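One chain, subunit A, appears in both complexes that follow, with subunit B as partner in the first and subunit C in the second.
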Partner chain A sequence: MDRSIWHKMQSIDSRYIYAALIVAILIPLFCSKLVYLNIPSKPSIDFYKTIENVANTEPSGLVIVDGQWSSSSRGENKWQTQAIITHLMMRHIHFATLSFDTQNHTLTKEIVSALAAKYHYVYGVDYIDWGYRPPSAFQPVLKGIDTNIPGTLLHDSDGTPIASFPIMKGITTVKDISAIIEISPTSSIDTWLGLVQGVNNTPLLYAPTAISAPKYYTYLDSGQLSGMLIGVKGAGDYESLIHQPSFGTRATGALSFVYALIILLVIVGNIGHLKLRAIAKSEGISRP
Partner chain B sequence: MKKFFQPINVHEHPGAFFAHIALGLAVMFGVLAVLHVAPKQYRKSIIAVFTFLGGLYYVAEFFLPAKGGSNRLTQYNDLVANIFTVVGAYAIGLGVISLLQMHIRKVVRTSPGWGNSAALVISFFAMTTFGLLNAYAPKKVLLHGSGMHVTNSDVFNFLFAGGIGNFGSAIFSMIAFFIASAAYRAFRIRSLESSLLMTAALIIMLGSVGFGTVLTNWLPLGDNPKTEFWANFRIENIAQWLLLQVNTPAQRGILFGITLGELAMALRLWLSLERGSYFDKEV
Partner chain C sequence: MTSAYLHHILNPTLMFGALGTIALLSLVFKENKLYRLFEHIYLGLALGYDVEITWTEVLRPQLWDPMVRDGQWVWVLTIPVGLMFYGVYTRRFEWMSRVVFGIFFGAAAGTVFQDMCQRFVPQVRKSFKPLVPPPSAPGDIHSTLHAVSYVLNNALFITILVCVLTYFFFAFDIKNKFLLLMARSGRLVLMFAFGALFGATIMTRMALLIDRMYFIFVDWLQWAPK
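So, the complex of A and B:
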């Protein structure tokens, strides 16, 4: 009987795990009255401080927001984008959006349009949509941004020459850019680092999915990245830093529940494993 | 030359737009014809020369001394970028043709899994059709009457936001279930290495979320020099230490290895030294 229990603890049916996971995700998402403790991580705080620094030192500067995410990683990158754009608009920082993903242009445009109405942002004056460029043009466009932004990008998403907008006055090279924000589940930040960031040491900020973040601590450590928002936890951090709680905050709560569940499962599995090993040892069997 | 390769707005200059497409297609078929009629021993050499020249521009532009951030070649960046975009677009065309050939054949022969292939072909043509209609006639009414008013744009948005968008999110979100199940089965105290891996993973998880930080929230935050030492034992600070002091050197080592590999691979491709599938077969 005992042996059976320890075996069961080691091999819980996946369907029960999935069911528990659904409950752990849904409770925090739909119980808006639950309050979660969330301490923003250092990379998130650094991200926030960099934007604050731009607002304080270069209020008329331009920030590039490059999106390379699609609906696949929407659960993380959408809320990062929303929190970042909200902060830019709250501090009245001018920005330009750019997309190298077919879906991203539409998805980012939806977020920016909704927030522009709320914060009274005027197109062409406070923000501009540099539009979609095919992924094959990623490296050439980045090289062009170094030396000739209007000549490289030419038109906005509606086909109007970008040089004709007031926001682009005095913006010709990367030296006129206050900061670059990359929101992407891919390794595109490597290209920004290699081709653009080093030209003028422009502050580079990164919002990856949680799974791809550990690789980029290297660049945080070297100072090439000025801050990083890691997955949906990063979105939740940012919402709490700008005092605008939204889905990211609730999703961070869900993440908390899910991690608690995984840790509980790991503990249960290991209790079963260790107990069986002890039983096997006492019975003189080499492996349970 | 520079102007010729610049993007053209189809709404402003439709004639020039379609003339450029026709010319591009003519050049592509011309190049293919030349390759086809060229003696076999020269085909590889022709491709190798163009590959070398394509890579040479960026190598030379990067390594030649620059004054004020640019050198003699920098002015041609836009031109070369536009040429690469055009060439890249043809590669997409080849990919589409190859994909459709394979899946249409599967449907026609009713091979195992032909239903999936049919779904792919139908989805492909539906998105292509309504994508083009959305670009060139978005407000044209498709269905009208009995309270309905459906335009090309509505159908495209239904397919794009309602279809691709939600399917993509749903498939990606399934990873959460596999990760939870895999973590439960993989993190076992079997050896010293697996125990270290499990401990590190649990600390990172705990340090990333509120649930974990609550456990050590009774420790000081580190804002007072007298209690600063004890802040090191907060779970989120231990997690940060692991990520920065343990993870980073390992990642850096991996990065060096990958980059050297990429450099070697790039040189092999650039100089047409690569061997294996698609490279040493007769063309």
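So, the complex of A and C:
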């Protein structure tokens, strides 16, 4: 029996696979009217509910949005940031942005500025940019803000003392913060959990890349994390929860096509392998 | 093709971004010089950007300006302290680096201790899950179902926890058949976890590719609808 077809099924040229992958991604991008069944996962719903709870119970409370992502994880973290900031502004929640990555400060600022114009957010009154701090200062800054936020951070990104802004009125320690949102592809959430959430019991929300997410399910189970947006699927979930479909929704559709393609390729490869093994067995050969 | 469209796709920022994306993705088909060129451009840009931000956002406002503009010359003392780190490169001044490293290690150890306790103690505490359901809420018409699912969930959690912990008994040889079964089951559920990790890895990689495709076909070429 001709074995070549079964061999080929196990060793498809990777260039064809990449081409098929790009086609699978492009179908949902070009057919934007395709309706995708996007059911938000429980961690995303919990994330949304925590923000809603802040809006309902502490309307003048302040939320910290800490970004540690850069252009290398833009595909996931940018859309999470956009969906989260949109929700905060829709519910008119005050927030402060903080960055521990050189690129993140500019990238987050771009998103916030564009949305601030749309939702009429006023700098210093509705939101504030606490600016960039070097990654090496991450632990000392978190230890400092536990007890003294204005004394630790001192100035905003333009050099103005943060205590002089109306938004900072009554905000001195983390105990005055309504929730903390960490958007990061790294394990920086560990430090927030250990040095801030564990001490003050402040609701902590996490938006990681999908690759980092499985490690943190245990923290959801223990209640240390109040919600989690998992990668671009999380961004899509959030967009559907706030009824503002954008890239995340379309990317979730594209992901479904990609997963279907991968499953198909796994099946094709296994059929080839099993068929060759059956042929070898019938011919009395130990290995195909 | 309208002039507005041409003006858009010939926008240097967008065009350079698109060219960079195509060049870097071209590696999957074949190693080539265009890929190498953009790889170096990307690395150079990222490093240059880091240096610029470190100066404008950290060193100038927090060290240079307070000294030169505000006359707080006490900050100059931080420079010799920083230079003490470099004592590690000479035998004569090695002791200097040990002083600053010692201070940093002490501070870091104290912080890490607090960090570990605050993160893992709640995990251990929450792993003691009850197998007796709590009293049902008044008016709950599915109280039996909720109680059964509560007990099953917790029983499953405890079983998996114990099995996985048994798998990590490497200090002595397990001969008891029941313990061996538990250890094997622990290994099996670990495989499930690794499978989930692999699935999540694919999601991240694909999300990055989808974002780049979106940039090329939606933002730049505008072939696909916004």
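Assume the second predicted complex is superposed on the first by the 286 of 288 C-alpha atoms of A that agree within 3 Å, B and C clash if a C-alpha of one lies under 4 Å from a C-alpha of the other, contacts with A are read in each partner's own complex, and residues count from 1 in each chain.
Keep this in mind: contacts are C-beta pairs under 8 Å (C-beta built on N, C-alpha and C of every residue); 3 or more make two chains touch, one makes a residue touch a chain.
Every value quoted in this text rests on a predicted model; they were computed, and no experiment measured them.
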item: Fit-or-clash call for subunit B and subunit C when the two complexes are aligned on subunit A; value: clash
item: Touching partner for A:63 - first (subunit B), second (subunit C), both, neither; value: neither
item: First, second, both or neither for A:157, with subunit B first and subunit C second; value: second
item: Contacts of A:168 with subunit B and subunit C, given as first, second, both or neither; value: neither
item: Touched partner set for A:103, first subunit B, second subunit C, both or neither; value: both
item: Contacts of A:144 with subunit B and subunit C, given as first, second, both or neither; value: first
item: Partner chain in contact with A:198 - subunit B first, subunit C second, else both or neither; value: second
item: Contacts of A:42 with subunit B and subunit C, given as first, second, both or neither; value: first
item: Which of subunit B and subunit C A:30 touches, first, second, both or neither; value: second
item: First (subunit B), second (subunit C), both or neither touched by A:232; value: second
item: Subunit B and subunit C footprints on subunit A, overlapping residues; value: 14, 18, 21, 25, 73-75, 103, 134, 143, 155, 159, 199, 210, 214, 218, 221, 230, 233, 255, 258-259, 262
item: Subunit A to subunit B touching residues, read off their complex; value: 12, 14, 17-18, 21, 25, 36-39, 41-42, 70-75, 103, 106-107, 134, 136-137, 140-141, 143-144, 146-148, 151-152, 154-155, 159, 173, 199, 210, 214-215, 217-218, 220-221, 230, 233, 252-253, 255-263, 265-266, 269-270, 273-274
item: Touch list for subunit A against partner subunit C, complex; value: 14-15, 18, 21-22, 25-26, 29-30, 32, 73-76, 78, 102-103, 105, 131-134, 139, 143, 155, 157, 159, 190-191, 193-195, 197-199, 209-211, 213-214, 218-219, 221-224, 230-233, 247, 250-251, 254-255, 258-259, 262
item: Subunit A contact footprint on subunit C (complex, rising order); value: 28-29, 46, 49-50, 53-54, 57-58, 61, 108, 111, 114-119, 122-123, 125-126, 193, 196-197, 200-204, 206-214, 217-218, 223-225
item: Subunit B residues within the subunit A interface of the complex; value: 6-7, 9, 11-12, 69-70, 74, 77-78, 80-82, 84-85, 88-89, 91, 160-161, 164-169, 171-173, 176-177, 180-181, 183-185, 187-190, 198, 202, 205-206, 208-214, 217, 236, 240, 243-244, 247-248, 251-252, 255
